[in-house]
Amino acid sequence: MSSSDIFIGETIGTAILILLGGGVCAAVTLKASKARNAGWLAITFGWGFAVLTAVYTSAPLSGAHLNPAVTLALAIKDGDWSHVPVYWGGQLLGAMIGATLVWVAYYGQFHAHLTDREIVGGPGAQDTKAVEAQEAQAGPVLGVFSTGPEIRNAVLNLATEIIGTIVLVLAVLTQGLNDKGNGLGTLGALITAFVVVGIGLSLGGPTGYAINPARDLGPRIVHALLPLPNKGGSDWGYAWVPVVGPLVGAAIAAGIYNVAFA
Amino acid sequence: MSSSDIFIGETIGTAILILLGGGVCAAVTLKASKARNAGWLAITFGWGFAVLTAVYTSAPLSGAHLNPAVTLALAIKDGDWSHVPVYWGGQLLGAMIGATLVWVAYYGQFHAHLTDREIVGGPGAQDTKAVEAQEAQAGPVLGVFSTGPEIRNAVLNLATEIIGTIVLVLAVLTQGLNDKGNGLGTLGALITAFVVVGIGLSLGGPTGYAINPARDLGPRIVHALLPLPNKGGSDWGYAWVPVVGPLVGAAIAAGIYNVAFA
Amino acid sequence: MSSSDIFIGETIGTAILILLGGGVCAAVTLKASKARNAGWLAITFGWGFAVLTAVYTSAPLSGAHLNPAVTLALAIKDGDWSHVPVYWGGQLLGAMIGATLVWVAYYGQFHAHLTDREIVGGPGAQDTKAVEAQEAQAGPVLGVFSTGPEIRNAVLNLATEIIGTIVLVLAVLTQGLNDKGNGLGTLGALITAFVVVGIGLSLGGPTGYAINPARDLGPRIVHALLPLPNKGGSDWGYAWVPVVGPLVGAAIAAGIYNVAFA
Amino acid sequence: MSSSDIFIGETIGTAILILLGGGVCAAVTLKASKARNAGWLAITFGWGFAVLTAVYTSAPLSGAHLNPAVTLALAIKDGDWSHVPVYWGGQLLGAMIGATLVWVAYYGQFHAHLTDREIVGGPGAQDTKAVEAQEAQAGPVLGVFSTGPEIRNAVLNLATEIIGTIVLVLAVLTQGLNDKGNGLGTLGALITAFVVVGIGLSLGGPTGYAINPARDLGPRIVHALLPLPNKGGSDWGYAWVPVVGPLVGAAIAAGIYNVAFA
């Protein structure tokens, strides 16, 4: 694969990943969306099929890493770091493009949500102060772009992201062992998608399962730049956790792989 | 493939697509249905398995485009426009047959729904005027047949349909690259189905993801023709958006494919 | 395949089909079940994975028809009726065994449900008379065993069952065309399973999608025989619809196949 | 396969199985989890994708039994008992590691759940005494670790676990017949995953479908050892049922296989 194919493939693939992944968060969260309140199962399957679509589309060009943590793990496994910058660059650019496309596709919904917010107490009025305090830190639509913790504790949040990424990366690395010689690469895209649904369902509860630095950082930058009214903060104090955690998890998984599977 | 196989395949396939796709909308919407209020996840998976069933059944005859936007993109990619009219004709006819079969399968439910409607206020009484205003424009069961926007704005609605169709068509076009030589055509039907579930979950919120001109126009014509009591309007003012948007999106996707993947 | 392999395979396969299919109805319906009120999506996916498990397990022995309508369609398509009685016998016996195993697995739940029923009005008290009238006709747990219509009208109910079975059988018959020569029989089991989920989501609303005479008749016989307290009637007046409808649908689908695909 | 590969593979695989399987129970149950109250469908799909991820990752090393009942059935089928102790040892150790990782990933959620519990009556106050009585027997978070019955009756609970395990093991044993010679081992992981979702949806209602002695016993030991505040009892009186039931079911399934399929 040429560097330009890698860069284009990762940019297109990660853009699709974030367009669909951020899209399902917008669909379930924002006012005037047919999918509003569709629930956690919709979010996790939406992210899984985002992975499927993105991997399937970009695999012929770049092999579909779409995640700096996956790129890091493969570099450790293969001992080849030459393409890491190209992969990482395409992934971050793609994630920013994808987040911008979510804003375009849900432009009217963002406006309706941010300019017509319920202030007074309704059925959940007793939670208003807690919600307001959280939203002062993380803007009211930041969850469409980036992840955030339910309980803010850097050590615990890092641990959860590390564990989730280990599971993801081990499944990706063993794909080569499972598919060796039988041409089931396409099936691998489907299995990776369901693995991501599983990680979301099982390990997404505490931090929202970034398990991918580009998936979190790229959209957070876009959130900071977009001219959204009343958008609130981008929660930069948390931004390092979903970058460092997945990279550490990927390194651990590559180590496990090299010891146990290679 | 002969022209008659193409026409028959597309007619049967698109009829199955709309029978099952419109069917799940009827199942979730209409009174006296066991699936009433089964939610957005049921609708998106229902449409996805509609795609699976329709593609799987019609692929041996026509290659299973089942969507004028897909036919357009393949014509641009291959530079071969000779079969476009046959595909489009079969697709529109099939969509109309499918919508008619939904009406047959849910005949009793349509009658119960349209002749015994709640007029006075219930838990959602404060929304009655908004609902009535919308239903004067788009009939109370039009959603079983065709799509409609949550926020009516032609530019925004077009943008959402264009973005959704680009994702669909890129996945369809890259199928050839993924499956080359390993005979996984059948697996491609499954992956396309889950891609459509993903587009629905992630990009369906604003407009209901037509992403297929025949899927929207054919059933809308049938809605206008059927002798349904109190059916209300067919919302022809919106009808051009889910036709033009998907065709524009398909052309853009074919362009991206020819530049980046070919 | 020998007649004894066919009979054993169909008996085991249909027993698994009804054990899991009836099981999910019990799980979602009965008191003291962890899955109570899990909803329509749980029921439709439960039946789909029942098909997957049953087809996958019995395919090596009998080819996994598991449905008299499928056996009929294949006999019409191939012009070979010699094995039809063996298939049908195994299917009916298997369905009765499966329904009995549901009763064993949910014995405590059946007892809790039928001996401790809410009589007085709760949130749905205004519906009590309608529910009682329906239960006098169809017993309060008959839905765990057999299907029943939301709107009782033989012509409409037959039409819905015929349409659903046509979709199922066309997908089964075209499997031979899709899989020819590439050994994807196992994938066919998965696709058939999702086709059945799709039929359930899209066409299950009016009658509960029997689309299989053995699936409905076998458990209905078991319901009539089991010593369940307060079980109510077995609704024999409706029993012919889910037998005749699927057989008619299968014959129509075989005709379509022989004209359009063969 | 060497004994060390088997032991490492089963340990890693069963750790992933219980990390994701226990994880989804934590996600849906505990306070301060984004997935709280996501429902039974989330739990069953979460366990299914736990199976997928675990089987896919460990299959190249150990063949991915991940369940003492599966190991027993394969030993009976093949008449080879030499590796049974290595498999069982790896499975139990892996299950304990997995349960410990759930505790790490959800550390903050466990603390929030167990130290800030609602005591006074709310909407479900009439059930408080029943809940307290149950929690005195089985601790308030034991369900994140191990299974428990809705209706406590050893004979009935054993029957349900036996029936569920027969279905699982028959599907696993026939995999060899389905996949013979076409290299679809990877697809087998996906099918087994959906079979487990199906067993959960259909037969999980009465006892929570252990169908795997290591899945229940390993986490129960960890529950007894962990320093969780207010954790309550580990319900050792029930612990033998999800060990004995699955082993009996596996033996019955192996017998059925040897008579009907071999």
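As written, the chains take the letters A, B, C and D, and residue 1 is the first residue of each chain.
Keep in mind that, in the parts below, contacts are C-beta pairs under 8 Å (C-beta built on N, C-alpha and C of every residue); 3 or more make two chains touch, one makes a residue touch a chain.
All figures in this text were calculated on a predicted structure; none of them were measured in a lab.
Path length between chain A and chain C in the touching-chain graph (shortest route): 2.
Each chain's centre was taken as the mean of its CA atoms, and the one lying most distant from chain C is A.
If you lay the C-alpha trace of chain A over that of chain D, the rotation comes to 90 degrees, to the nearest 5.
Comparing the contact residues of chain B and chain C by number shows a mostly separate set, under half of all numbers used being common to the two copies.
For the pair chain C and chain D, the distance between C-alpha centroids works out to 28 Å. Note: centroid distance chain B to chain D, computed from Cα atoms, is 40 Å.
Each of residues 39, 41, 184, 187, 190 in chain A touches at least two other chains. The complete set of chain-chain contacts reads A-B, A-D, B-C, C-D. Of all the residues in chain C, the ones that touch chain B in their complex are 39-41, 44, 150-151, 153, 156, 159-160, 163-164, 167, 170-171, 174-175, 177-179, 181-182, 184, 187-188, 190-191, 194-195, 197-199, 201-206, 208, 256, 260-261. Chain contact summary for the complex, chain D toward chain A: residues 8-9, 12, 16, 19-24, 26-27, 30, 32-36, 38-39, 41-42, 45-46, 48-50, 52-53, 56-57, 59-61, 101, 104-109, 112, 183, 185-187, 189-190, 193.
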